[in-house]
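A short worksheet on the structure shown next.
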Amino acid sequence: MREITYVEAVREATDQLMQSDPDVLIYGLDVDDPKAIQGTTAGLLAKYGARRVFGTPLSEDAMTAAGIGMAMAGLKPIHVHIRMDFLMLAMNQLVNLGAKAHYMYGGQTSVPLTIRAMIGKSWGQGAQHSQGLYAQLMNVPGIRVVAPTTPYDAKGALIAAVREPNPVLYVEQRLLHFTKAAVPEAMYELPLGKARIMREGTDVTIVGVSYMALEAYRAAQYLEDIGISAEVIDPIWLSPLDHETILTSARKTGRLLAIDNGWSTCGAAAEILACMAEAEWSDRLPKLARLGFAPTACPPSPVLENLYYPNARTIAAKAKGMVTGIADDWLPEERRDLREMEFRGPF
Amino acid sequence: MMDVAGEMYAQAYRIRRAEEEIARLYPTDKIRSPVHLSIGQEGVAVAICAHLRPDDVVFSSYRSHAAYLAKGGDLRAMMAELFGKGTGCAKGKAGSMHLVDSAANVLGTSAVVGTGIGNATGYAYAHQYRQLPGIVVCFFGDGASEEGIFYESMNFAALKQLPILFVCENNFYAIHTHQSKRQARCDIAGRAAAIGVPSEMVGNNVMTLHEVAGATIERIRAGDGPRLLECQCYRYKEHVGPGEDFHLGYRTEDDAEIWRKDDPVRQLATLVDTDLRQRLEAVVEEELAAAIDFAESSPWPPADELLRDVYKTREG
Amino acid sequence: MREITYVEAVREATDQLMQSDPDVLIYGLDVDDPKAIQGTTAGLLAKYGARRVFGTPLSEDAMTAAGIGMAMAGLKPIHVHIRMDFLMLAMNQLVNLGAKAHYMYGGQTSVPLTIRAMIGKSWGQGAQHSQGLYAQLMNVPGIRVVAPTTPYDAKGALIAAVREPNPVLYVEQRLLHFTKAAVPEAMYELPLGKARIMREGTDVTIVGVSYMALEAYRAAQYLEDIGISAEVIDPIWLSPLDHETILTSARKTGRLLAIDNGWSTCGAAAEILACMAEAEWSDRLPKLARLGFAPTACPPSPVLENLYYPNARTIAAKAKGMVTGIADDWLPEERRDLREMEFRGPF
Amino acid sequence: MMDVAGEMYAQAYRIRRAEEEIARLYPTDKIRSPVHLSIGQEGVAVAICAHLRPDDVVFSSYRSHAAYLAKGGDLRAMMAELFGKGTGCAKGKAGSMHLVDSAANVLGTSAVVGTGIGNATGYAYAHQYRQLPGIVVCFFGDGASEEGIFYESMNFAALKQLPILFVCENNFYAIHTHQSKRQARCDIAGRAAAIGVPSEMVGNNVMTLHEVAGATIERIRAGDGPRLLECQCYRYKEHVGPGEDFHLGYRTEDDAEIWRKDDPVRQLATLVDTDLRQRLEAVVEEELAAAIDFAESSPWPPADELLRDVYKTREG
């Protein structure tokens, strides 16, 4: 199968959605500009025109409200935020209207709105261009949250999101944009609320959210080097969350480490641990742990930024401690083939 | 055929009486939902909605009984909703503050001030997108015009030349605080115009408003982009609840008296001959009694409604 | 000691703070109106004047921003929201500025801003006037969250919040406003991040957030009737959360039930369970569970609203199941003396 | 004593050269932080800040190098911050987008568009509250004026008659999108005026702006409430980064040429005699070289800085 980037997968999914459904449109700051949101909207304006592909004023609150209004009228808008941080301007509409309209209007209306929001990382983007705030919407019933990691899932999740008759927050991590993988040309959808086992293992389960699924996958390779077998799960959907798949794995390995792509206090990792904690366990005591961004705003200085994020090696170290029961200061030697990708913009 | 004044009187009387009944019933605790009455302000919804067609769409706030009814919302379903019954317009999930009747194109009444302005703007975009003939009308208060979403939405509506009429019901108060304590320049129409939405201020005369609204809506239907009408009016009752509030001291009976003398329902009554008026009133009274009866006798929603409608189920 | 209501405790704390520190001021929609925010700001305008006590336009975003600006200039503003739901309009400023300013400006500035936000309940207030959204700010480092339950704690927590040199979300539940208890006249502060054991017990630990601490307390009385001894903890501070006190209790009882005053997905209860799950447990397998609002918007119809909230009896039932290991449909007979207070406004 | 033009030239030249050096160094990857350069727009910050006193306070956006330097922010600490060093103005926690120098009263530069407008307004309230003589100046772009917070803040500033000058640096673009594609009426000054803040639009002439700003600031200092100046200007470089961007096609070299011919730094240069100019330039070059040297040779922040300053520690 041909390999394409995450960017191209998102672009292609959008193109096919717009092609196949005249109610689909895409809008948001700069979706129609020459840089076309990292290329994810490239060519759409020329193909579908300014009615279906339009940039907006800097007015996130009203533009979110407008998306909800359009969706109530039966359109299927995709609203793009080049930074998830800016979603904080949209919370009133998403929480108080979008997530509630179907219920509080007794089922008389619905809001098939997709919100694409990107998490920044690296190159000193700093405190306000780096946040993974999706857990704040996991907290709210009435809205779905999906965070695809691979180009394959990026395409299938976007198609599922736009066809979903409820609001969906579609989370992208910008480092993922450059990854490449096999992606079918035809349209397909990910099943709602289904996690993916990226790698099977027996000693410890590692669940990684969004980009952290890749880091977890790399961590499993470091662990393999020292004879530890890690099962890696990408939940893909954070709301609804696939408790079953995660629980089955944790029951098998007896250990679960959840890696957030944001702060883990009241985060996705907290939710995963809470679900595990509530489950029925026979006699074997499961070990449960989580990692997330350091509990502070993201510092731009490269030396501090490095310390801020979990990465394959710190994840491996944590998992090893869980398996061996010994918390030492072991860290694997960095393997060149498992290095994090570099990011130097565009911003 | 009945003339415009007659039709408007019937509607205004209906709204007035429905709200009076709500106020009368409130102390019985049968209506367990905060109610924001429009008594005194009905002229605005009535005069505007007189120009609307079924395929035009209305958005409003928590103070929406008048707009809901004037646009053709079902009175029985509204009463049942206030009673929290399963036959309510939203099956007991809306209460007074989120009335909805999609068959009548009454959508999106919201209790977070200002939110509907943006939703209505998006809805108007959808109409333009689909080249539908219907326009969108969005009612909100003077207080709502202070929220950022008002400004952002005006700009977008003007930029895209959307088929929308913004109706600011300026009753001079947000809860107990006068406009002059909240707005540096008390000229909402002027603000909208500076952003790019042609606007007009209209006083409390219902027939004048009816005329201005007619001309304005005609321009919008002709594809001439959005408009705003700032409509001065006065709320007689307390901000929320069935009572009066002059004892609070933020406004006086004398202030109210000036407006009461020019009461919108009475303005219209004087334009209709006594015979017709009495017949119209009788029809309303009958409808109203039946609606209250319907609300009273309807069943509660079943327990499993609690978790229904959280997510819309996908078709197909 | 004299008994006063929660309302009066908040009012008195504000009065004393303003009296003792000229930098303290209070503002927000309707703080200066005749109803004076349920009475919590009564008399302050007359005493301190419009410079220090002022209502605002309906402009939550800019008014939050202004509070941050005032705080950066060294004032200690208290910003009041009569509904926590409206806080969604303030998220951009709170998350992107208020919580980060001290860090991202390298310690050169600080934001001693207190945000009072009230959670509504009952009387068909419905979807948009009933939310407990505090967990969304627990997710964000740089801001404190406190949710006092009793009049005593209301006073001590407000004084601590205003003197705290960081932003603090001060959570009130409106049913609590009418409760009455002994409160010292002098000024005093609650210690930061310290939970309170409301009632000792041996069989199960119940942690209740805000108003749910009262329901948990009542639940313990129902449980006592059937011979189960519950320990009840009010965490008071949600950020920082007093893991130690909760863990010590859970270690003792072997069972922990956390009751949220909001949705529990990614909520405070999820965080509490996650903390417990991460802790070291010797051999005894702890039982962990949570309750929260039903996962939907709040319906106003009284029959549905009743089902929406956890209450003393449903909490007792859940706790009994955890202790006996039998999940039946037992519910205690309602005791008149343990009935929930009634609420009929004002709104 | 040096005259105003000389002082402004020195400052403008300093800002221009500092940013040129940033652009020159950028490809070495020593500056690992997105940079938004003001090259071409320096006249605004220079002309406004020429009237400011140490106790006046400046807020700005991510495009803040010019305002930071013009208000007296430390150049060495700024360079070190861009390099991510522990000697940076925020110890490596700000990067280019959150510059701060509280000693010089440069506060609150933010990368979320529009946020500072509200923070500056609150700061001005604190000045009024404490009856301090200093005023607050808030710089932001044309794009920021579309955010709700702009509207809400103007209203509050006007309502309370706060001592604040809003400076909109209108460079006609938000990233690559022209103002006319974003604003229904391209008249930011007019919008502010309608809300209640007396406003004026000023072109690219630095000395004219200096004069207008002087008179405007005098009114604010006299207690006459807030003002807004919409200052037209032009960014030569790409929105973010050190390069040019004419190849993107959203604007042309020809557009830029019109502005370059009227370059603000050159405008000022022509007002200063050659001798003095050369002396001023030499001083700047020396300062700049030293600042870069300082940034290069400074140590990284220690690892434990990661978790310092998350919460301010309580005193006493």
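When the chains are written out, they are named A, B, C and D in that same order, and each has its own residue count from 1.
The working rule: a contact is a pair of C-beta atoms (placed from the backbone, for glycine too) under 8 Å apart; a residue touches a chain by one contact, two chains touch by 3 or more.
As the structure is a prediction and not an experimental result, all values here were calculated from the model.
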Required steps from chain B to chain D (each step between touching chains, minimum):
1
Indicate the whole-number Å distance between the mean C-alpha point of chain A and the mean C-alpha point of chain B.
41
Find the geometric centre of each of chain A and chain C from their Cα atoms only, then give the gap between the two centres in Å, rounded to an integer.
30
Can you work out the whole-Å distance between the CA centroids of chain A and chain D?
35
Residues of chain D engaged with two or more neighbouring chains
88, 91-94, 98, 110, 112, 146-149, 152, 155, 159, 182-183, 309-310
Going by residue number, chain C touches two or more other chains at 56-57, 59, 61-62, 85-86, 88-89, 92, 96, 103-104, 126-128, 141-142, 295-297, 299
Should the pattern of chain-chain touching be classed as line, ring, star, complete or other?
complete
Given the complex with chain A, which residues does chain D contribute to the contact?
29, 32-34, 84-86, 88, 91-98, 110-114, 143-144, 146-148, 174-177, 181-183, 240-241, 248-250, 300-301, 303, 305-307, 309-310
Please name which positions on chain A make contact with chain B in the complex.
25, 51-52, 56-57, 59, 61-75, 92-93, 96-97, 101-110, 141-142, 144, 163-166
Would you tell me which residues of chain D are touching chain B in their complex?
146-152, 154-155, 158-159, 182-185, 187, 190-191, 193-197
So in the complex, which bits of chain A are touching chain D?
29-30, 33-35, 55-62, 85-86, 88-89, 123-129, 294-297, 299-304, 307-308, 344-347
Under the touch definition given earlier, write down the residues of chain D that touch chain C in their complex.
57, 88-94, 98, 100-102, 107-108, 110, 112, 115, 117-127, 129-130, 148-149, 152-153, 155-156, 159, 308-315
